[in-house]
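To start, I am sharing the structure in question, which I have written as structure tokens.
In order of appearance the chains are A, B, C and D, and numbering begins at 1 in each one.
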Amino acid sequence: MIRVGVIGYGYWGPNLVRNFMEAQGSTVVAVCDLKPERLAMVQNRYPSIRTLTNWRELLNDPDIDAIAVATPVSSHFELAMAALAANKHVLVEKPLASTCEQALQLIDEAARRQRVLMVDHTFVYTGAVRKIRELIASNALGEIYYYDAVRVNLGLFQHDVNVIWDLAIHDLSIIDYVLPSRAVAVSATGISNIPGQPENVAYITLFFANPQIAHVHVNWLTPVKVRHTLIGGSEKMILYDDLEPSEKVKIYDRGVTVSQSPEAVYEMLVSYRSGDMWAPRLDATEALLTEALHFIDCINNGTKPETDGQAGLRLIQIVEAAERSLRARGKLIEI
Amino acid sequence: MIRVGVIGYGYWGPNLVRNFMEAQGSTVVAVCDLKPERLAMVQNRYPSIRTLTNWRELLNDPDIDAIAVATPVSSHFELAMAALAANKHVLVEKPLASTCEQALQLIDEAARRQRVLMVDHTFVYTGAVRKIRELIASNALGEIYYYDAVRVNLGLFQHDVNVIWDLAIHDLSIIDYVLPSRAVAVSATGISNIPGQPENVAYITLFFANPQIAHVHVNWLTPVKVRHTLIGGSEKMILYDDLEPSEKVKIYDRGVTVSQSPEAVYEMLVSYRSGDMWAPRLDATEALLTEALHFIDCINNGTKPETDGQAGLRLIQIVEAAERSLRARGKLIEI
Amino acid sequence: MIRVGVIGYGYWGPNLVRNFMEAQGSTVVAVCDLKPERLAMVQNRYPSIRTLTNWRELLNDPDIDAIAVATPVSSHFELAMAALAANKHVLVEKPLASTCEQALQLIDEAARRQRVLMVDHTFVYTGAVRKIRELIASNALGEIYYYDAVRVNLGLFQHDVNVIWDLAIHDLSIIDYVLPSRAVAVSATGISNIPGQPENVAYITLFFANPQIAHVHVNWLTPVKVRHTLIGGSEKMILYDDLEPSEKVKIYDRGVTVSQSPEAVYEMLVSYRSGDMWAPRLDATEALLTEALHFIDCINNGTKPETDGQAGLRLIQIVEAAERSLRARGKLIEI
Amino acid sequence: MIRVGVIGYGYWGPNLVRNFMEAQGSTVVAVCDLKPERLAMVQNRYPSIRTLTNWRELLNDPDIDAIAVATPVSSHFELAMAALAANKHVLVEKPLASTCEQALQLIDEAARRQRVLMVDHTFVYTGAVRKIRELIASNALGEIYYYDAVRVNLGLFQHDVNVIWDLAIHDLSIIDYVLPSRAVAVSATGISNIPGQPENVAYITLFFANPQIAHVHVNWLTPVKVRHTLIGGSEKMILYDDLEPSEKVKIYDRGVTVSQSPEAVYEMLVSYRSGDMWAPRLDATEALLTEALHFIDCINNGTKPETDGQAGLRLIQIVEAAERSLRARGKLIEI
């Protein structure tokens, strides 16, 4: 039984507590937060859980095997580092840290101490994204042409991080998980419409070594919510709409066929193909429960996390490059 | 009665003929096309219209007042120039020409001969776009934050022009018409997935002098059709979905309110506002009919065309800049 | 080459003319209508077609093989009867006639003269409906539980027939075509909201010999258009949405499983099943072209029409029963 | 502070407990359920709440002011009656009882003892339904023509009650609340597709004294979920789609205009009107919280419940009539 301590009981912490309580093989023994009223909620819901305001005290508890960090981004590095130093396994809410440098230190520390270091890229653990990875891995789509994601709504305006760190990181983590190739360069644009506030609109293009492109559009200020991803391949195409209640992933047998015949040169080099559409049944397990079980398995059996420190590092590299590009109005930044 | 000659009876020509036949104040007297089978269709449908294969013959006809050009892009300049030289008024399918240089020559020639030169930016004449312009002009949206357009589908793959010239020009013409300010720089990315073919995916960001951004996403290879435009303002926001059968334009009383009070600094500088949504009744007249009537009015009364040579030139400037940026992977190009 | 004469060039006639002109194996030689302005449209579009106002003249033309009737319902019987009497093959717009009695006389006359008598139940010739019939015939749905159709919108208010004759007949023709069993009784309700006008809302329940039910909801006065059909079976279920641009027919691998074990009696006798969804590619040929080709084939090769006089009669029987039931507020009427 | 005891902690009970805990002016002091594992959940979540398995014990507790009953339908009467007899105020989950007779006894007992008797017709307390009532009450729709509701999905198959008692009662309670007139007769059809199980499909038509109609379609076995209500009036029409995340209620300025001029008799007696659409902002308070606060207000201030015993009785009258009609295949039953 893995005994978990959770630091941070704001927006995401309650979900971590609930799932580590529910998962076979783990239990939550302590929750730490600076605000007493948040701890009172823990007490009310889970009288068995110890609550405290000093996270150092939590880390000193020899009874705790693993720490889950769900605090503001700026504190991720310090808390995760201290937890590793106390020989705890660590799960960190996305992003892993604020800089690549910090991420590298965390990876090193975890390796040195042989602790599990995992980032909470939640979407990687959804039935939809896992099905998409499976389809791409089995080559069902053929050659991948493009990946296009839109994640916009009138969402919570953050003050410490911009819309890339807040929203785009979800799509970047999905891209990292489902596409076999890695981005080599990035061009991004965006704007801050509210003076003195972080960027609230961003457009990020990822370039790859092969002729393939990915694009992510994120925006905190749209009147409607959109979660719409298109993946085009030479054989099949996917529409992944996360707002659909049940058919989130649709696979279209549509595309183009390129004629090689010389006679076709002037007219119809490219012809169209239109076939069936198919929406597979998806695993409906809550993503965070799948993730909690995976974390427990990594601790117990030495399994490599699907969202390990390296994955966390790769995303921060892209985000940092995207931010630099955005501030230089689209300038190409190599990764 | 304006007597119109139409050059080109391929995809778009039949629509021009039908509308100039229907419009009060004009009639089509001749149609020119290189393919006899296309001319046979004209004969079958409109026995009264003269058909011919030599466009020079058409231009020499003193009985014709105006010429509508609906041929491949590469011939627009030559045909429009010859028509103006023959003292005809000219309506050219979008884009006006292949280069800015050509567009400038057409503008000069039209001015010199006092002929009407108009570009067929069809969307400008739809009830939806005219309503959006009206809303923005009346300041209903407040300060404009962003304009975001998506125009994608498994569409006809062009061989002579890329997806920017083919599709993005529609959105650029709408932006030119509805936004009071003009783009000053552009950053674009994109790809050609079919070797030897023009770019089939493109992402274009427009920068403005004021803190405002516009983005256009076009793609010829998506499994589903999307025509989705979001316009965000400080007071209201618009969703314009051209695939909606009747409520194409929705106005949301949603947005953010920025607190100026010093106490709010640390917590909720930005708060949310959510109100009614409203979809105005739109003029359902076919855009091309509105456009034909406007062309006739410009000829008869000297009215300045809403989509004149200057508008055509502005779009070509942006498209040329976008192409250069795309090929330099997002490099900022000033306009 | 079957030479067709068309009577009636109002709403539907132009579609018949266009398709019999386009179909391989037929041509339209004459069109009859009472209004000169309608005939002028024919002349304008098809100069080769003879136009006339007296339908008796048309029937006397020995050069004509077949007559298509697209006039108001009240004249269907007289015109079709006269056409058969003149030894013409006949295609009648739905409904075949105004009463069962009339339909029977038409069937007899056609049989006696060995002429083809076909009703224009257009939906039967769509790719969507043919695919549904194929699925049901192959037993893919298992035992059929229910058929539920909604066909509503702010449509043209008819003055001579009510909403059952105008709209429900489409759904009744689809039910007749795709379900293997025949309705044995009907209960209907409805209302006329505009004094002195025919019923504009109707709800029709069809009962079958087996434990299966069908329901049709039609309404001329709804703010939005809905064309939504659900077909439930023990193995699979269908959603047929005619307004979907491409995925009109979706097949869901969903249903219930009934436990037979005695232990399950008190708890979960019925459990749920949820699997993939699948939208097959559909034949996109215009229904009326498929229908025209079928009519030509029936004339040339003696094929039995899929929508023959008997099918036309069966629908009128149901419509008459539904009208009687509606006026008796749901009273069960046996068919 | 109203002290509430809740009987039944199955599907709905937890929602009642959560809302009476959250509502200003009430607290839950005890929960009763037959299953120890359900009570353990209460203990885990709310250590302060007393749990017990014997409801008589609960009713004997003088410290409890009000009882909320959330048990299977067959026990509603016995429990509510006993609670009233113990001088408790009572909130009963829908339906109030199993028969009209029982409902009348409960109404009498509550009146005699001057206790509040309220039925949990939850939808009446949603922002959407309250807005619809307000619109109809203000005569914004003009004369009401029809009310049409669809409530279908692959839902939980009940064993003790049929789909009318389970689902249609929601729509009947909304109709009762928003329409000023009362149904006078009913015709219903339906079927049980699973042998030995209650009816799983039903269609109910309500007739009114005025020329107005209402129809409810409920089904437990459809592949997709639909919650779609259309309300047509002479001035405006409403689409209420409960699955829309934010614009649940849309008001269309559409309809027909009936000409009174004698010249119009033969042609266009009825012409169409199409105007704006408008979706008002709705109160997003959880319905059950609004309901809990209303129950507290009724107890404290003697306010008449919006869903009192009489409303509960009216629904049971309609449901009983609908069941009788359904089993007689649509036979008209007066209410």
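The working rule: a residue touches a chain if its C-beta (ideal position, glycine included) is under 8 Å from a C-beta of that chain, and two chains touch if they have at least 3 such contacts.
Keep in mind that what you see is a predicted model, and the values were worked out from it rather than measured.
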| item | value |
| --- | --- |
| Co-neighbours of chain D and chain A - touch as defined | B, C |
| Per Cα centroids, the chain farthest from chain B | D |
| Distance between the centres, which are taken as Cα means, of chain B and chain A, whole angstrom | 39 |
| Averaged-CA centre spacing for the pair chain C and chain A, given as whole angstrom | 52 |
| Chain A residues counted as touching two or more neighbouring chains | 274, 277 |
| Contact set on chain C toward chain A in their complex | 246-247, 253, 274-281 |
| Parts of chain B lying in touch with chain C, wherever the complex brings them together | 44-47, 225, 245 |
| Contact set on chain D toward chain C in their complex | 145-146, 148, 150, 152, 154, 157, 159, 185, 187, 189-194, 196-197, 201, 203, 205, 207, 211-213, 215, 217, 219, 221-224, 230, 232, 234, 237-239, 250, 252, 254-256, 258, 269-270, 272, 274, 277, 325, 328-332 |
